[in-house]
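Both complexes shown next keep chain A, but they swap its partner, so chain B is in the first and chain C is in the second.
And then the complex of A and B:
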């Protein structure tokens, strides 16, 4: 990539970030998460902890995936127009991957504000979540954005994104239901459900949450590398980066379980 | 008579160009859900049924994907008839799949839920299709690509609606109110679907007269 080519990427990334943040599904994700936390957050120690740490994964992560996929595939559908621009597909993919940082930053801010609201209102939890536990939601939003771009690049067929999401949900459910392997899932509800109506605190699932956050971050980077691999002229470089990331996923994935 | 012939010809051609893959995919997943589900309670049967309703809606929105829309546009059939034709293809597929799902899971449910879960499916389906037709009117040739994520987003929105306006509630005291809301959604969806399916070129006599007098033109036949 030439110096001129690289200079195109930051303004393009800013433009894509604005598109991604303004996308109706991104706005819907934020709204869904707020609605969910407003209903569950102050209902009791168990739902309060779950609302703050895990709800963002589904209610913001899923729309963020589709928003990124639609923004990325919209560029594909306008390929003839874009082919005249002084910017090839690999740079546009790079810009889209960088743009995924926009919803991530927004979700970090929203999570910090919600945690602050919990503290200000004196919401009684069994214990306050750690930084790694608070980071699960935003990291999933980042991963959803990057995976959305990767799916748009590798599986450019109508309905492919829905199938991938379905596979992710089924995979997550299977992993989360397995004793001792639940931390390998993308959605992790750490608070143990007590007796019905499941409002009281009943302890937490064991596991190294710091390593779980690193595991999620590795998966995010893996999705980004996968997206870049499709159109890059330097395949060996991205394959090498991908191999290192796979190693990181394996180390952190196994490490968090022990 | 000419229109019927045109419709029959178009139906034969549409059957060849329609996007069947999402429908087949949904059929496969629905089969897996039905085989896999071993409900212990009525709630355990209701959630898989709701999942099947979402799957059927997701697959149906791809029925309006039409790569040949520009070619077919001059056919002397109004837009609503062409849309109805494609929606008919979806129904031909949905009705038996839903029927089998009810046969498998229905025995575990209270009798009234057979009707209510069908109202839920109809509401989701009609609103999803109305959104898809709207995207088609805005010039999208592959409206399913944008409509399917919107269906997922809409389902999540329905899922998080709080107590007083909840629509996927399981509390017996809220069943009637929730399904009244589903019925309202269904009617609003039907109205939107009818409105969106009208021919964009064809205008009512009143609209034509108003437009004509504004432009100083004489309306033909007046």
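And then the complex of A and C:
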């Protein structure tokens, strides 16, 4: 890769970031999350904790996945034109992966603002979440973006992203049904719901939340490596990186449960 | 003349279909027209020159470089309008051309935006540069495609059916644009429009069944029909059609008492590809 070739990636990534942040589904995700937090965030110690840690995963993460998928797929119609440009598809994929950092940064900012608001208002919570617990939502938004790019690259057919999302939902449900393996799922509500009206928690899920954050981060990197693997001229390199990431996922995934 | 496009015995097959069959030709700066019936291999040839496809055998040298080994270097110096360009339809005109400009390694934002505005102005789309591509007419979209092909003043411009969908005024504007570009660069124009070829091209290559059956000047192509185009009161010849004056314009060997008329490029092209090869001069 030439020096000029590498220099293309940052402006291209900025361009893709702007498109991703302006995408209606990204905006919808942010709005849904705000509405959800506004409704639950101050409703009680348990709903407040859940709003701050878990609700970003579904209400922002799912639209972020589809937004990234659509942005990454948009160039499909223009592929013939773009394929004659010096910047090849692997660098375009790299730029899209970097662009997923845009919504991630936005979700981190939103999460930080929300946490600050909780502190300022003295909102009553079961306990204030740790940094790793606060990071669950933004890490899921990052992973959703990267997975959306990977799906656009590997399964470039209409409806494929919906099928992948359904598979994720089914997978999460299956893990929910297996005692003690909740943390392997992408969506995790750490506070165990107490008796109705569920305003107090009946404890918290056991597990190492630091390792859970690393587990989510490994999954994010895995999705990015998967996206890169499709068009890279350096397949062995990305296969090697992928193997290391799989190892990290396994170590952190098992480690977080004990 | 420096040969900027040199093809030697190039073959390309898709499954059992041989799209290019031992194609050999050279051309240089100026506008070269590629003519041929549907399925003659024009689009395959243009895609091959755009380095989007690789030849199965033979060699392709563009701008003095090998098209396989120096693909990246060639891509930096070419502009390409595919037959069916396709766009990110949610993009505005400016956004799309700017996106392609980034892919063409224009990393300086200000200089890039100046260049994007320049090419959009060249194709007369300045007024709609903020409009989404999906709201534009087919002709305007075509012009967006031409604009992106002109980014960075490429030395080799490949245009596949550039005038398809353009109205007469746009076509005239396009001719003006291409003739200006062709003054100091190499332009390859694949088209079915013989009027465009007659108006623009210094050289013509006619393809049939993936091979070159003619390579020469427009005058030489026109000359193929010399003495074989005539007007009469009745239909005759290999091809014949009624003119506005109520007479029949016939192409083919003429009877002794026919009124011979001056042939056009189209006449030469039709004779070249017609069913009377014995009447075509060697």
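Basically, the second predicted complex is superposed on the first by the 257 of 258 C-alpha atoms of A that agree within 3 Å, B and C clash if a C-alpha of one lies under 4 Å from a C-alpha of the other, contacts with A are read in each partner's own complex, and residues count from 1 in each chain.
Here, a residue touches a chain if its C-beta (ideal position, glycine included) is under 8 Å from a C-beta of that chain, and two chains touch if they have at least 3 such contacts.
Just so we're clear, the structure is a prediction, and the values are computed from it rather than from any experiment.
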Record, for the superposition on chain A, whether partners chain B and chain C clash or fit. fit
For A:200, decide between first (touching chain B), second (touching chain C), both and neither. neither
Now for A:36: first (chain B), second (chain C), both, or neither, which partner does it touch? first
Please work out whether A:12 is in contact with chain B alone, chain C alone, both, or neither, and reply first, second, both or neither. second
Return first, second, both or neither, reflecting whether A:92 touches chain B, chain C, both chains, or no partner chain. second
Which partner does A:25 reach: the first (chain B), the second (chain C), both, or neither? first
Looking at A:165 after the superposition, I want to know if it touches chain B, chain C, both of them or none. Which is it: first, second, both, neither? first
When the two complexes are superposed, chain B comes to within a least CA distance of chain C, in Å, of 6
What residues on chain A does chain C touch that chain B touches too? 77
Chain C residues touching chain A in their complex are 47, 50-52, 72, 75-76, 78, 80-82, 84-91, 96, 98-100, 102-105, 107, 109, 145, 148
Chain B residues touching chain A in their complex are 19, 21-22, 25, 29, 58, 62, 65, 142, 144-146, 148-150, 152-153, 156-157, 160-163
Help me check something: in the complex, which residues belonging to chain A touch chain B? 24-25, 28-29, 31-32, 35-36, 38-39, 58-59, 62-63, 66-67, 69-70, 73, 77, 158-159, 161-163, 165-166
Counting only contacts in the complex, chain A reaches chain C at residues 2, 4-5, 7-8, 10-12, 15, 74-75, 77-87, 92
